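Take a look at the structure set out below.
Here the chain labels run A, B and C in written order, and each chain numbers its own residues starting at 1.
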Amino acid sequence: MSEAVKKIVTPISIEYTITPGAAPTKFLRGIKEGRLLGQRCPKCSKVYLPPRGSCTVCAVPTVEEVEVSDQGTVTTFCVVNIPFYGQVQEIPYVCAAVVLDGADLPCFGVVQEIAVEEVRMGLRVQAVWVAPEERGYTLENIKYFKPSGQADAPFESYREHL
Amino acid sequence: MAEEQEPLEILSARHVVEYPYTRSVGAVIGRFLGGLKDKKIEGSLTPSGRVLVPPSEYDPESGASISDFVEVGEAGVVTTWCWVAEPLAKHPFDRPFAWALIRLDGADTALLHAVDAGDSSRMATGMRVKVRWRQQRSGAIGDIECFEAENLGSQDGEIV
Amino acid sequence: MRDIALVSFAQAPSVRREQIHNEVEILMPVVAEAVRRCGIDRRDIGFTCSGSSDYLAGLPFSFVTALDGVGAWPPIEESHVEMDGAWALYEAFVRLQHGDVDSALVFGFGKSSVGPLREVLSLQLDPYYVAPLWPDSISLAALQARALLDSGEYGEADFAAVAVRSRRDAKSNPNAQLSGDFAVAELLESDYIASPLRRHDCAPISDGACAAILASGDLARQLCERPAWIRGIDHRIDTINIGDRNLCDSASAKLASEKSGAAADKIEMAELCAPFTHQELILRRAMGLGDEVRINPSGGALAANPVMASGLIRIVELAARIQSGEIDRGLAHATQGPCLQQNLVCVLEGE
């Protein structure tokens, strides 16, 4: 009798051509120009950034475009100490949720130009952009966030965004 | 399908999804695939005496588990087929070929595989075909490179 | 059993390629329209179930993102099937039988255009013996079509006649993608894609979405003048091994039809989800639908086939004809898997 096979490798690879949708397309066009374009819900007035074209709470389309600041507040963060496949940052580094001024949902980014142990909730930060000629339709246009030098934001100002 | 030209104002991106699945095959499929490596085709024998090729772990009629195997022939009959004039990228051939269901001699069910026939005029339901084995076999369904007409007479199966 | 009906529904018109809007943006107005049409407050909907495929979208957990289009706040009771939305409707029907909730939202959606659909559908095949060879969906259907031709009961002109009728009927369906007047002889002159199937034998590649609201008993009567009552619903499956099936027949469709009670009274109309012309012929015979039954007045899947919504659309098209009073009783069908592997039958009646 032949030796039985125990495992087979059946790789699959499928190539898609994806389109981001109407709202994300506007956002990606903006970020290529160094602008952060969110959308406001007509019912609850929350500003989504990046926008998905809908308010998930009110179940209505969002159409009104709102430009959001590239400065914001660290609402929460973690210190990454373990290496993993595909990592681009040197460890340890800080990954933070940043609620940009004018937006109602935090976005995620790396905080640099500050010692890891000094990063804190309420820290005011500012986006560091890649050079205009290197920008594409991607969130990677923001290299990282750095401290803006402003006084820390009071907890009350961002408690709703945690 | 014909691809349409996209208007310039639409953003789009190529997006490749890959999964390198490794699957445990179990005793029944593992025995069948191990046999292919040695150019041997085995089917499973159901309690009512049907021979299933490719084999399954259970009897489709009763659900009973199956552990008996029977060797079947490496030639058989095409029960149905279709002709692919323009193969897709992932198809086993980049030249026109047939997909066919093939009932091997001694089997009661049919196996799906490709038939390298050169031209659709050489395909017919009921025709006899035989295995063309791959030179490098790894214990997978692809160890059967394809099927070819049994009456070709040439060892390597090349169609002139 | 509780009486459950379709009280409202909506569809996105099927298109070959929706480039501007993503799945959520396609879905949101469809769900909103279904909710608006029956006047239910979306927060009063007791259960939500969707059908879609991550492989189709090319995005893992795309069904979670889709909930953005539904309004999932306050948190809703929700479920998902990696199946056509018709199976989401089945789950919602069963859920409503529990008796503690009275309404449900079901939807199915998909953009078949973003990936190579014929290859994507290979991922539903047996992963040991079949999928590694990458036989595509049209080729597998062509094996079935050949078997049917070999049986001597039908010819390629019979296949083409199904396409001609479907495209003609689709002229009055605003959501259809393929419509028009064609002649059998003209269609038979075209090339094969995978012989014996020609382009007209295959459903188009479609992007689209469909949503429906189900309600029980009195709530259904309150929300809708003439609810389309689900009088029977059943789904059955054949073996995944197409080499161990009689491809000219559909044992699972026959059984699902029997168990749904379709034969208990006259069926005036049937909406059959047949993505290939020959499959309509197989289904009609398996379910015993004679010439007196009006088949696919919407044009069927051959006129628009947004995968994962196409079966639910069949149910909704039938429900529309019951609600309008055009018919009193009909049957809708959905399918999934290669060569009609899995089949769902839903019998709808007016009051």
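In the analysis below, contacts are C-beta pairs under 8 Å (C-beta built on N, C-alpha and C of every residue); 3 or more make two chains touch, one makes a residue touch a chain.
As the structure is a computational prediction, the values presented were derived from the model and not from experiment.
Viewed as a network of touching protein chains, the structure reduces to a complete graph with every chain in contact with every other.
Inter-chain contacts peak for the pair B-C, counting C-beta pairs in contact. Inter-chain spacing, taken between the CA centroids of subunit A and subunit B, is 47 Å. One simple way to say how far apart two chains are is to compare their mean CA positions; for subunit A and subunit C this gives 38 Å. Centre-to-centre separation of subunit B and subunit C, using mean CA positions: 30 Å. The residues of subunit B that reach two or more other chains are 10, 12, 15, 17, 21, 23, 25, 29, 33, 140, listed in rising order.
Residues of subunit C found to touch two or more other chains are 19-20, 58, 116, 119, 127-128, 132.
Touching of two or more other chains is recorded for residues 8, 10, 12, 14-20, 25 of subunit A. Listing the residues of subunit A that touch subunit B in their complex gives 1-20, 25, 28-29, 137. Residues 1, 4, 6-7, 10, 12, 15, 17, 21, 23, 25, 29, 33, 52, 54, 56, 60, 79-86, 88-92, 99-101, 103, 109-114, 120, 125, 140-142 of subunit B are the ones touching subunit C in the complex.
Residues 10-25, 27, 29-31, 33-35, 37-38, 40, 139-140 of subunit B are the ones touching subunit A in the complex.
Every residue of subunit A that touches subunit C in the complex is listed here, in rising order: 8, 10, 12, 14-25, 52-61.
For subunit C in complex with subunit A, the touching residues are 19-25, 28-29, 31-32, 42, 55, 58-59, 65, 67-73, 114-116, 119-120, 123, 127-128, 131-132.
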